[in-house]
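See the structures that follow.
In the two assemblies presented below, subunit A is common to both, partnered first by subunit B and then by subunit C.
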Partner chain A sequence: MHELYAILREITGYIYPNEVELHWGILIVVYPYITGLVAGAFILASLVKVFNVKEVQPTYRLSLLTALAFLIVAPMPLLAHLGHPERAYEIFLTPNRKSAMAMFGFVYAWYLMAVLLLEIWFDYRGDLIRLSQKEHGLKKWLHRIILLFSTDTSEESLKFDKKAVKFITVLGIPSAFLLHGYVGFIFGSVKANPWWSSVLMPIVFLFSAIVSGIALLLLIYMVTTLMRWKPIDMKCLDKLASFLFYMMIIDFSLEALDFLHRIYESEESIKILSQLVSSKLFVSLVVIQLLLGMILPLVALAATKLFPIPDELRRHIYFISALLVEVGIFTTRWNVVIGGQLFSKSFRGLTAYKMTLLGIEGLLMAIVLLLLPFLILYLLTLIFPPWPEAYETPAEAEATT
Partner chain B sequence: MSKKAKRKQKKSRRDALKTLVKSSLLLFVPLDVPNDPKLAEELKENLGGYDPTKHLWGMGIQIERCIGCGRCAWACKTENKVPKEPFFFRTWVERYIVHRDGEITVDSPEGGIHGFQPITTERHILRSFFVPKLCNHCENPPCVQVCPVGATFRTPDGVILVDEEYCIGCRYCIQACPYGARYLHPEKRVADKCTFCYHRIVKGLAPACVEVCPTQARIFGDLKGRASPLVRFMRMNKINVLKPYLNTEPKVYYANLDMAVK
Partner chain C sequence: MASFGKGIPDQIKRLSVVVILVLAAFFIGRMLLIPRDFGRYDHFRASALFDVASQEVEFAGQDICTECHDDISSQKANGYHQGLSCETCHGPAAKHTESPDEVTPFKPSGREYCPICHAYLASRPTGFPMIIVESHNPMKACTVCHNPHDPKPPQIPRGCEACHAEIARTKAVSHHVYIPCTRCHQTPEEHKVNPRTYRPDKPKTREFCGACHAEGSTEAPEAIKIDISTHGGRYVCWQCHYPHLPEAR
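== the complex of A and B ==
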């Protein structure tokens, strides 16, 4: 309770007494960040299958596994922040149909079961059968169970797999939009809160999700390739970077539109919101989200398009830009979630957020939840090797090295 | 309320599958169930003869009568065992000071429970007044709309309640209430707010805050009753509600509400 007394000293103006406690903390920042990465990674994967962008093929399986790894973690921050996590199942049993949040369970289950798992299964089936034939012991059994004991590697069945993957991807794109657009809707539909309430919110969420997903895959692709001592495919990297660039431009335009719209309409809340932006959110919104997370990487990426820059340097630029973008999108989520709670609904005052370090809703927990998907991703790559060398016979491997 | 909640829970498991199927089909069909007949029956059974369908509760507030003594806020905390710390209120009192230069300052020290310090400023003051606040028991309540499990609900007599054995503590309702009327109960870890002292009104008593107000600034009553004090109050005064543009349709009515009040 004493941390609430500490906040009392930081309040400027008037806030309703019940607003001293801020209710959605760092975990609710982590949640949309993670679902955004899921949606973004999946959209990248679908570029390969649906839009036939051959260059980014090396990231296809990685994208799927990344999406899965993050999707597994996605409900955890939500669960951890509940006052009564043990009652969470009620969302499935007696959902309130009018509540945006109640749909979480269904959207999540749909995306996990009907989209990601199925797509991974069909995509890996043929390869895993071949792999399991060479394996022994536990690994063999694990793969056979995952395969549901399917052993058919006939031409037709492989063709069917391909078709299935394509079909699921087509289904998956709107699903990914739904998954993350819906998270935007949770905020965008709160009419009590002018910082959130915007019809653009789901769309802004979506494009920032795609941006964060592509940037993440760019990073993961570079790191894993280096770790395997393989050469980086520059064509793939260039393509990733240019997708990142275009998506960032869309994202930036949407956010600029939202900003202009607010200023131009200049509603009742404009005074308190501009106070918010110029004081409590200045560093996280103007400096980090806008300058470091958006403008700087945009300029850097534009430079790689305009000038002939040697591969080595280009790789560095891509890497650093993608890192900055990740930090930028994280602060975007922060500015939405935390920023939306720093001003009073009386529009007469600002309050503060004091993040705790320990505890179930603290900073450490958030860091763990952000690192956990990488551990899961590592385990997934052991079960579903995303790299071609895993499926080569020793003779083939010999030939390629 | 707890028996009711438990029964509701059992029923919920039974109906779980049905609901699951229905809700996935009706995901995007907005359906309005303003008066759940089952709930009315349940309440009637539990409340010993009280018929919720016969009433519609509301509150009137006469701003110029409020002297800012804060006894209502104090009585509420005592009656409803609201945690004593100054961050949890079912009702509180605000003081508005409108300065000559147009600046408006508002305060509510500890929710106004211990009254207010005299105004000492040298600046010229145009007007100053007190405003008691509480949950507005909105007819179109965003808090009910957003609750993912239906723990926040509307009774047939128009009161918005939280089922504390059902609430998962997600706090979406706290975000959705435009009036800051809700808080998370620090021990129970569930959303909590004004109930119009439901346990009292079903017995024919007035809410605690109304009971203790020395100036009768608060008028509680039945909007369905012809000659209720509330209806009389609404006939005699120009009425306004808080943030009417949000279309929440509050049932707490203010007489002579100043435009400074938000």
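== the complex of A and C ==
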């Protein structure tokens, strides 16, 4: 009761009683952010296999594992937000075809099982067989179970693995688009909300997802390489940064198009939306999302293309740009989810979002959910070593050092 | 047996087993876990209706309160809070009606509860009693001065802005800022005590505005003049100009 009164004091203008409190909080910001990272990481992995971009090969397995780690966490914010995670399986048992949200369960399951797990399985099979032959005890058994006791490393079967990976990747690209486009679809199809309702929404979501995924892998690649005391492959890094740059240009143009379209259309909501942007969302949208998260990294990345910048400095520029992009995309999600609930459907007033620190929907929970994928990723790298040195025999290792 | 599936790669055979297991688990799960009465009426479990119906009743409704608290009920029935139910303020009290001495309902004391309805908010209806909590007799509980079951302002408010804050604020920044409310609304003094019973009047004709705006009128020389016989056709002026914030653009 008292909380309600605290929000009442921050309301401006006219607002309906049921709009005072926001129903979708920080967890629903985290959710599209994480699914975006999944889709982005996977699409980066597909570049290697489908489009044969050799330079980014060092990030291929890392991308797959990153996608998996984040995918495992993706539904958690939803489960925490809805409460009763123990009932979650019911949406699979009795599918409700009329509900886009309920169908997410199937999109998710398809993506997890038919795409990611399969691709990882086929890609690692040969290597894991070799690895498990050298191992003992628990680890050996874990690997053998994961391998489904497959031991065939003949030329022929390895060839089949390659083909299968390629096939799954081709299938995976539309699936990744579906996964994240779906999240945009949920928002874009809310007719009554002019901030969300736009057919461009799934596409804008998708490209921002790709941007965030590439930036994340750039960061993970740099950090993990440094942690292993290995030299960073500058060709790979340059290529990643190029992809990031081009994807950001597409994303930026799409968002600008959406923006222009809204201004040109000037529907009756335009007044309250511009008020929203210039007041409650000013810092998160104009300052962080646009200036720090988009323009600044774009300029920095463009500079690395235009001027001959030494490797060391270039690495720093890439790192900071990617970090800014991550923060920027997070605020993009924030601005969509929170922004869309801050204005009244009467178009005449604004409310405020009071984030709690503790509690199942609080800030701490969001931070935990954002850190959890990294822990999972670490565990995954133990089971599925993504780096070549894990598969070298001691003699080979000696030869390379 | 050996020739069966000869051309199929080893991997596919192994994965097929997993796929078959997953599918089997799915279908067996469906058979075992979907309640039998699911979907009888629609996409839900039919017996959920009974589950909900069998939940414990928390609210008692306000008729039953009268049986024991008839004094308060009749006090409330004639006051401003006649439209509110007892449990709006006292919370669910079904348990209290069963064992009144053991369970006593919540009493909203202090200054935080009443503002949920009475704090100033532009979207509340015109005339709804609103206060600015920070400056309205601060530090003291509301019930020190107002009886919650028969709330009355301890003294009659002098200005119209006490109840018509939104209009007063709007007019204060308009071209009509220097015209008192009572120039356009003849207001009986009782309106401030019983606003719904004694109503002020409102302008009814075009000529009313014409007193200041018609060409040749003398009341307000600085008011812009228009030809009242043609301007705006046959419509009354406030169909186009909001009288508390007139604009001509």
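Heads up, the rule we're going with is that the second predicted complex is superposed on the first by the 390 of 401 C-alpha atoms of A that agree within 3 Å, B and C clash if a C-alpha of one lies under 4 Å from a C-alpha of the other, contacts with A are read in each partner's own complex, and residues count from 1 in each chain.
Rule of thumb we're sticking to: a contact is a pair of C-beta atoms (placed from the backbone, for glycine too) under 8 Å apart; a residue touches a chain by one contact, two chains touch by 3 or more.
The model shown is predicted, which means the values in this text are computed figures rather than measured ones.
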{"item": "Fit or clash - subunit C, subunit B, common subunit A", "value": "clash"}
{"item": "Partner chain in contact with A:11 - subunit B first, subunit C second, else both or neither", "value": "second"}
{"item": "Partner chain in contact with A:164 - subunit B first, subunit C second, else both or neither", "value": "second"}
{"item": "First (subunit B), second (subunit C), both or neither touched by A:190", "value": "first"}
{"item": "Which superposed partner A:23 touches (first subunit B, second subunit C, both, neither)", "value": "first"}
{"item": "Touched partner set for A:92, first subunit B, second subunit C, both or neither", "value": "both"}
{"item": "First, second, both or neither for A:277, with subunit B first and subunit C second", "value": "neither"}
{"item": "Contacts of A:347 with subunit B and subunit C, given as first, second, both or neither", "value": "first"}
{"item": "Subunit B versus subunit C as contact partner of A:104, first or second or both or neither", "value": "first"}
{"item": "Contacts of A:125 with subunit B and subunit C, given as first, second, both or neither", "value": "second"}
{"item": "Most subunit A residues touched (candidates subunit B, subunit C)", "value": "B"}
{"item": "Overlap of subunit C and subunit B interfaces on subunit A (superposed complexes)", "value": "1, 4, 13-16, 90, 92-94, 96, 98, 346"}
{"item": "Contact set on subunit A toward subunit C in their complex", "value": "1-2, 4-5, 8-9, 11-16, 89-90, 92-94, 96, 98, 113, 118, 121-122, 125, 148-150, 152, 156-157, 160-161, 164, 346, 349"}
{"item": "Of all residues in subunit A, those that touch subunit B in their complex", "value": "1, 4, 13-21, 23-24, 78, 81-85, 87-88, 90-104, 106, 186, 190-193, 341, 344-348"}
{"item": "Sites on subunit B touched by subunit A in the complex", "value": "12-13, 15-16, 19-20, 23-24, 26-27, 30-31, 85-89, 92, 94, 104-108, 110-111, 133, 142, 145-150, 166-172, 174-184, 186, 188-190, 246, 262"}
{"item": "Subunit A contact footprint on subunit C (complex, rising order)", "value": "9-11, 14-15, 17-18, 22, 26, 29-30, 33-34, 38-39, 43, 112-113, 115-116, 119, 121-123"}
